[in-house]
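Below: a set of structures, written as structure tokens.
Two complexes are shown next, each including chain A; its partner changes from chain B in the first to chain C in the second.
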Partner chain A sequence: MSYYFAIIGTQDNPLFEYDFGTSKQGGDGMARFTEQARQLNQFIIHSSLDIVEEVQWTNGQMYLKLIDRFFTSYISCFLTASNIKFLLLHQPPTTTSSSSSAGLPPSSSSSALTSSSTSTLVQPSHSSSSSVLPSLSTLTGGSNASTTTLGGATRTSTSIAANPTSPQTEEAIRNFFAEVYENYVKAIMSPFYKTNMEIRSPVFRARVAAAGRKYL
Partner chain B sequence: MSNAGGSGGGSGRAGESRLRYPSNGKTIYHRPLNRTKTAELSKAAFAYLFAEMVSYAQRRVTGIQELEKRLNLQGHPIGLKLLDLLLFREPPRSQLRPLNIIALLHFIKINVWTHLFGRQADRLEKSSNPETPDEFMIIDNEPLVNAYISVPKEMSQLNCAAFAAGIIEGVCDGAGFPARVTAHTVGDTSGSNGSGGTGGAADGEMWPGRTVFLVKFQPEVLEREALIGAKS
Partner chain C sequence: MSASKASRLGEEIWKTRIEKVNAELVVLTYGTIVAQICKDFENDYTEVNKQLDKMGYNIGLRLIEDYLAKSNTMRRCSNFRETAEMIAKVGFKIFLNVTPTITNWTSDNKQFSLVFDENPLADFVELPDDGRAQDELWFSNILCGVLRGALEMVQMQVETHFISDVLRGNDTTEMRVTLVRYIDDELPPEDD
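Take a look at the complex of A and B:
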């Protein structure tokens, strides 16, 4: 499982970004994004900001759970009271271990496209997913089941990595966000920090990395 | 400061080695965010500091309006940060972002006021004037910030609680409810802004320093409020 984590400010400006891989089940903690997927991730995160805006006034919780999906990328969101968005993109590994060495999930086919066609591609899928959010969960539930049947033999215990929609994953991400939130509040307590400033502190980065190792 | 900023802008890695840590190795990230209930600050120290803040602002302005604006600006960033800090300190069950005006004002009246001044604000009122549905009032009978401030006769318009108004404005802005907040003394003039219906004169005698924080939300806030109310 590869993760891309970003903190987005109130003006939809990025404050912090970090990508990492799973450390559970012997993962090495390295992200398995291709160079193109790395750039695509930023687009995906950015497009899901629209959905954050839709959801944020219907629910007072800070943790908004899974809000968006783009092919195999799932986006979870945590929203602080001062409208700072924590977005975590998680991409489960390919369903069988043999294909993971061969190449990338469906996103590789989309990354093979030119960047211009990619940006047009982002639009329709995200608008459709926003309009039919309830049906999305059933859809993911279906693919989820196929994941477990396919990879069930090899990974039975990798609940977090293989099931992006499972309650365990949701809880793990909640814990991750809670820890990042604590450190974010500490960061803004600095009298020299103003809202929407980029967070550059290496200590903060180390803390986020530690939270990622601990929970994801 | 300027040195560190210059090197940090070039490349993140180079900046790291130049960063200076405190001698005991403890950064802001090593300190706990929760405070014990008894950890209060000295009122005298605050009064001294606040008096200096007022005179600092006063030396740089020409009029009372401008002075209040400056005090307001000094409070604004505090409000932005308090919002996140105080919600963080809430127990997880009630860690809810304020979604409507009433929830937000309650949060200010109870949480923010208790944190800052050790007690709740005295009253919360909505403007009774139908032409200004966007105006709300937070009323404090004895603002702590004004405890040791004596305003000269010729500046009777001034209310240094503009600083506290700035904090409120910061909280509102941060939560996504952009507003203008101003502080008004109503101790001597009973209900001058046509709002205070409930016997301003009698209370005014009892509380000469009574201050009304007038919160005027931007039109888009009310528009959204109506939309959310219609949905639920």
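Take a look at the complex of A and C:
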């Protein structure tokens, strides 16, 4: 699961951006966008601003929940009282990209399983009997991994990473936004900060990262 | 007056005789003033420090009267150590509700440090990241001026400056106060 978080000012100008990955289910907190997606994210977020303007007056809420979707990218939005927009783009791991994302233990162990199972399939055919024993041990190790993979799979199915539209995800993102909002208010209270100025504070960045680790 | 007595006195005055004002109002007002001065002097932080000190000095000249009235101590401190106690435990307590720690006395008892555990003027503040403010601006420099002005009115010429500030990334906020001399009462010029 990769996230791209942006704060957009009142003139649709970007104030802050930060991308990170999930820290749940043993994730390493690194974003796994491709180089192309990284650049595309800014455009996706920018195009979502139109949707924000459509929905922002429809209800009195600050948290607008999921507002937009672009293929596998989902965009959630939070509005502050002064019409600053917090936008979070979240991209659940696709089936093809999950094997490449080595940071997640369930997916990495599943790829380990496939590699070991193929090796056990191949090995007996063109190797001596002496090598059967270690290959058996890798097979048992692989079967152990398969049960954990199954357990992991059932857990990931309910996790926020796999279900961008589930109520749990909605709630997790709400908590994330609430914490960022609190820190955002502190950051803009600094007398040297002016409205619509880029937020350069390293303290704020660290706190956003912490909120991301905590909830997403 | 002993240290514990001074601290009790400060506590009592703070509770009974002081009108309170919202801390964030003070923080934001002071922050805005500093930011505006920085803008006016085009980020010449040495000049900004001077201006803040001057503003503080003018506040101190008046504030001492308020301090004496509220603390009701119409008695001279017997030495500079007692003065330090009164500044930290009564002065700062009643005006800012903080009690800085007094440390690092020199052996001649003429120089000490005030270490601020919390600085109510600096909440929310992050210095501009232009590469110079971190080294040149003393954000709370107004306090130096206040102390200098106030002590001058009670016949003490002092030199005050900050030597570290948590805003700059230091571990503590520390102000150095040096007694230059006691000002002798000068006789008015003769009429004849």
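Criterion: the second predicted complex is superposed on the first by the 152 of 216 C-alpha atoms of A that agree within 3 Å, B and C clash if a C-alpha of one lies under 4 Å from a C-alpha of the other, contacts with A are read in each partner's own complex, and residues count from 1 in each chain.
Following the convention adopted for this analysis, a residue touches a chain if its C-beta (ideal position, glycine included) is under 8 Å from a C-beta of that chain, and two chains touch if they have at least 3 such contacts.
Keep in mind the model is a prediction, meaning the values are calculated, not measured.
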Chain C versus chain B on the shared chain A, clash or fit after superposition: clash
Counting only touches as set out at the top, which of chain B and chain C does A:80 meet: first, second, both, neither? first
After the superposition on A, what does A:207 contact: first (chain B), second (chain C), both or neither? first
Would you check which partner chain A:57 touches, where first means chain B only, second means chain C only, and both and neither mean what they say? first
Who does A:189 touch here: chain B (first), chain C (second), both, or neither? both
Of chain C and chain B, partner touching more chain A residues: B
Which residues form the common part of the chain A surface touched by chain B and by chain C? 186-187, 189-190, 200-201, 203
Per the contact definition, I'd like the list of chain B residues that touch chain A in the complex. 8, 12, 15-16, 19, 27-29, 31, 33, 77, 80-81, 83-85, 87-88, 95-99, 103, 174-176, 224, 228, 231
In the complex, go through chain A and note every residue touching chain C. 186-187, 189-193, 200-201, 203
Touching chain A in the complex, chain C uses residues 27-28, 30-32, 34-35, 38, 123-129
Per the touch rule above, chain A residues touching chain B in the complex are 56-58, 60-62, 79-84, 181-190, 194-195, 200-204, 207
